[in-house]
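In the part that follows, the structures are each spelled out as structure tokens.
After this come two complexes, each holding subunit A, first together with subunit B and then together with subunit C.
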Partner chain A sequence: MRIEVQNMTKRFGAFTALNNISLQVQTGELLALLGPSGCGKTTLLRILAGLEFSDAGSIRFDGEDATGQNVRARRVGFVFQHYALFRHMTVFENIAFGLRVRPRSQRPARVEITEKVTNLLRLVKLQELAQRYPAQLSGGQRQRVALARALAVEPRVLLLDEPFGALDAKVRQELRRWLRRLHEEIHITTIFVTHDQEEALEVADRLVIMNSGEIEQIGTPEQVYHHPANAFVFHFLGDVNLFRCRTENGYPLIIGHVTPEQPGEAEENVAEKAFVRPHLFNISTQAHGVNEIKGKVVHINPAGPTVKIEIMSEWGEIVHAHISQEQYAELQLCPGAQVFLQPKQMQIFPD
Partner chain B sequence: MRANLVKKQRVIPGFGLTMGYSLLYLSLLVLIPLAGIFLKTTTLSWAQFFETVAAPRALASYRLSFGASAVAALLNAFFGFIVAWVLVRYHFPGKQIIDAIVDLPFALPTAVAGIAFTALYTTNGWIGRWLAPLGIKVAFTPVGVILVLTFIGLPFVVRTVQPVLQDIQPDIEEAAAVLGARRTQTFTRVLLPMLWPALVTGFAMAFARAVGEYGSVIFISGNMPMRTEITPLLIITKLEQYDYAGATALAVVMLLVSFALLLLINTLQWWTRRQRV
Partner chain C sequence: MLRHKAQSARSVSARVRTEPRAVRIVLILAALGFLALFIFLPVVIVFVSALQKGWQFYLSAIGEPDALAAIRLTLLAAGIAVPLNLLFGVTAAWAIAKFDFKGKNLLITLIDLPFSVSPVVSGIIFVLIFGLHGWLGPWLDQHDIRIIFAVPGIVLATLFVTFPFIARELIPLMQAQGIDEEEAALSLGANGWQTFWRITLPNIKWGLLYGVILCNARAMGEFGAVSVVSGHIRGLTNTLTLHVEILYNEYNTAAAFALASLLAFLALVTLVAKSIVGWKSQQQLKAVEQSPPGRKPYEN
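Moving on, here comes the complex of A and B:
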């Protein structure tokens, strides 16, 4: 189903949760609403579900106005952050609930319900646990029950609120790959909310990056990661080092002497922010004389695929640099060593 | 085998001391006095025992005691549920006061409540005088007994349902709504089943409390044999006639019924726990 959101505004008292938001979701798309907590992403999702109503703006489902439609009429599937399973019902009954509460004329026959629930149990790989109660399941299993329950009513769109937020790292990763595969299998329009950029980049077809009630950028993971629209997006999508800089003679300068290779586009002598990702530094123990930041190693964390190094720059700021294990072995760094950092790539945004 | 002999280290010591104290405490307060009742009863022959506990006057008193208690507990289950609902779901000025008032029947001497109700509901009392022309008599009838038993049982259902209702997150109801349930369906299929165990526990406790009530009832019932006489009063009457064995025989009947009720409550609690694990 295609969803159009136009000029939506929502206030809670003096707090503006959504400020004039417009957005289009394509049929069959897997869309992530990404942003820090309090940015309005969950509010937007709840308004789409009909659990909350906007103060201004409109929603269209397949071109048809759904702004004032109540939650039952919208036929959406909603997966809550804390699952919201019915604890007095078995897994089977939880999934069957949406079918059993239908008016008699639309309610499927008993056999059909059983068949449908069994199919869904197979889809979420929980066939053996049909007669268990939610309290007897792990977090990941509960989340899958919640998903199967939402899918049972054949929703036109699936909405997930921080679906993996309450799970531990390992289960989280498994589940999001599984969600990706599931989406490829059933191709239902899906919108999920997350504050985890890694999750959004990995799972979604497109991302909507939000901040304090507004949309900062909409795009594919590739677009938003490599061509961030502004400082917020760049900062939010991964680790960064932030430097104050200003442009002189066409080149942006960090603290007077470090510049990237290319000339900048910014105006002369205007305060700017320069961002460098930690893995985009050349690091050496010898000075080259140009474009470098001199500093002392403060802390080294060699655990993991890359070695994470904290360096105190000569002007007293902590700079994070990630280098490969091979390079680390070559340089033989230890805390206290003097190093020189050359930024390989810099992103300049107006301050 | 050896592993079993190794004493388990606990953070807080004193299991032996506290367990011993608990047993002593329960023995002195509960077990020994109750055993005494059974012992005293054994001075009666089986024939005398049955003659006492199955006398028409005794049977009538059981009917009133257990019947009125059951009706009172049912009323409390219904209205107590509503009070708990209001206290949990809505915010209004004076909520704390209403919350405190619920506990009043716990604190007030029940005799005082009995006298107050009697004064209000006699045919020339503040409320009774308006009911009398309608042909409704409350004081000195079983209706009066039910009334005071409802009063003393009020806190039980409220206090058992309230915390459970508080625990139900709003997303549970939202989930039901998104799945297409109407409000009544959400209530009957989701909320009520979740509250049911607490409601039944509250009902059973209110019922048990009402069965044991004495102070308030004797004022409002009028204590007419065969009509408005409760079993505890009959026991007192027997004591006043120095028929100690007869009094304990009735007490044994009440004790067995109370025990059965407690067993029921515990079974219900166990059943509830099993479902939530």
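Moving on, here comes the complex of A and C:
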């Protein structure tokens, strides 16, 4: 189903949760709403579901106005952050609920319900647990029950609120790959909310990056990662080092760190910020020339696929650099060593 | 947290075991002695005094027409007050726990009012409103409606005094449960009625039952407020508690205790039911606490 959101605004008292948001979701798409907590992403999802209503703006489902429709009329599948499974019902009954509460004329026969629930249990790989209660399940299993329950009513769109938020790292990895595969299988329009950029980049077809009630950028994982629209997006999508720079002969030159105040230096040609990802530094123990940052190694963490190094720069701030294990072995760095950092790639945004 | 609790419990019991044996025995005896003197003994005396003139007298004291009328009136008052307070308690708790509105704190305070007002004062309030010289007295008199010194007054007084029991029991439980499950049910296509019967009610049933038991015990045992509005007309406006007082004042001790034994028996039954249901509702609350926190209304 195609969804169009137009000029949507939502306030809670004095707090503006959504400020004039417009957005289009394509049929069959897997879309992530990504942003820091309090950015309005969950509010947007709840408004799409009809659990909350906007103060201004409209929603269209397949071109049809749905702005004033309640949650029952919208036929959306909503998966809650903490699953909200019915604790007094078995897994089977949880999944069957949406079918059992239908008006008699539309309610499937008992046999049909059993068959449908069994199929869904197979889809989420929980056939053996049909008679268990939610309290007897692990977090990942509860998540899958919640998903099956939402799918049972054949929703037009699936909405997931922080679907993996409450799970431990390992289960999370598995479940998000599984969700990706499931989406390829059933191809239902899906929108999920997350604050985890890695999760959004890995799972979604497109990302909507939000910040304090507004959309910063919409795009594919590749677009937003490699062509961020602004400093916020770049910053939010991964670790960064932030420098002040000056343009000289058309080239940006790092001249220090961004600090709150630097008296007398707010001139016209220093009003730019340069962002450098930690893995995009050349590190060497000798000076090479232009655009280098001189510093001393203060901490090394060699555990993991890359070696993480903290360097105190000549301007007195910490710079984070990630290098490969091979390079680390070659350089033979130790705390206190003097190094020179040369950015391989910088992203410049006007201040 | 649970493990921490278990550990501290173990360390406490270990410390207790280091007390000298004599100290332990003295403490236990003191506690049991108190219990025997102030709880067990009075209950035994009620039953012994009730039966002092034998079973024949006991049964005839209970079967006496005025006594039967008093029992009927008590059952009637409780039979009206408990269902009405059940309805009110569920509605109020539902409104307070699941929605946000202006005046919510005022409502919570008002629900507690009957707890903080002396029952006698509550009785007098009704006399001041419905009595012959009260606000509505002349109008009621004109239309020949009797509330004070009649059955409606007794029901009203009972209703007022037992007002908070069920709501007070349900509000914390429903607040802890949040509105997630209700929202889930709605999103799956259930209507409000289905959501209440299939989701909300099963989740609160033990707490509700607990409140009903407490409410019923208080409704049947109420004395102060009812005494003020009753007028003590034998066979007409005497409840069981009031009838016990009258018999006692007439030095008819055996009959008074025979009827009192009914109330004592009710208390014992209530106690057993309360501990079973209380344990169940604790389990329910614990289950809520162990599951992740529910969404509160209007939380973003």
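By definition in this document, the second predicted complex is superposed on the first by the 335 of 351 C-alpha atoms of A that agree within 3 Å, B and C clash if a C-alpha of one lies under 4 Å from a C-alpha of the other, contacts with A are read in each partner's own complex, and residues count from 1 in each chain.
One rule holds in what follows: a residue touches a chain if its C-beta (ideal position, glycine included) is under 8 Å from a C-beta of that chain, and two chains touch if they have at least 3 such contacts.
All values derive from a computational prediction rather than experimental measurement.
Engineer: For the three-chain model obtained by superposing on subunit A, do subunit B and subunit C clash or fit?
Structural biologist: Superposition check on subunit A flags a clash between subunit B and subunit C.
Engineer: I'd like to know which partner A:A169 touches here: subunit B for first, subunit C for second, both or neither.
Structural biologist: neither
Engineer: Touching A:Q136 in the superposition: subunit B (first), subunit C (second), both, neither?
Structural biologist: Only subunit B is touched by A:Q136; subunit C is not.
Engineer: For A:V290, select first, second, both or neither according to whether it touches subunit B, subunit C, the two together, or no partner.
Structural biologist: neither
Engineer: Thinking of the overlay built on chain A, is A:F12 touched by subunit B (first), by subunit C (second), by both, or by neither?
Structural biologist: A:F12 contacts subunit C only, not subunit B.
Engineer: Going by the contact rule set out at the top, does A:C334 touch subunit B (first), subunit C (second), both, or neither?
Structural biologist: In the superposition, A:C334 contacts neither subunit B nor subunit C.
Engineer: Just to be sure I read the superposition right, which of the two partners does A:A49 touch: subunit B = first, subunit C = second, or both, or neither?
Structural biologist: Touch status of A:A49: both partners.
Engineer: Based on the A-chain superposition described above, do subunit B and subunit C contact any of the same residues on subunit A, and if so which?
Structural biologist: 49-51, 71-72, 75-78, 80, 82, 84-88, 97-98, 101-102, 135, 149-150, 152-153
Engineer: Write out the stretch or stretches of subunit B touching subunit A in their complex.
Structural biologist: Residues in contact with subunit A: 169, 171-172, 174-182, 185, 189-190, 193-194, 196, 275-277.
Engineer: So in the complex, the part of subunit A that touches subunit C is made up of which residues?
Structural biologist: Against subunit C, subunit A makes touches at 12, 15, 17, 38, 42-43, 49-51, 70-72, 75-78, 80, 82, 84-88, 97-98, 101-102, 134-135, 149-150, 152-153, 166.
Engineer: Would you mind writing out the residues of subunit A in touch with subunit B in their complex?
Structural biologist: 49-51, 71-72, 75-78, 80-82, 84-89, 97-98, 100-102, 133, 135-136, 149-150, 152-153
Engineer: For the complex, give me every residue of subunit C touching subunit A.
Structural biologist: The touching residues are 180-181, 183-191, 194, 198-199, 202-203, 287, 290-295, 298, 300.
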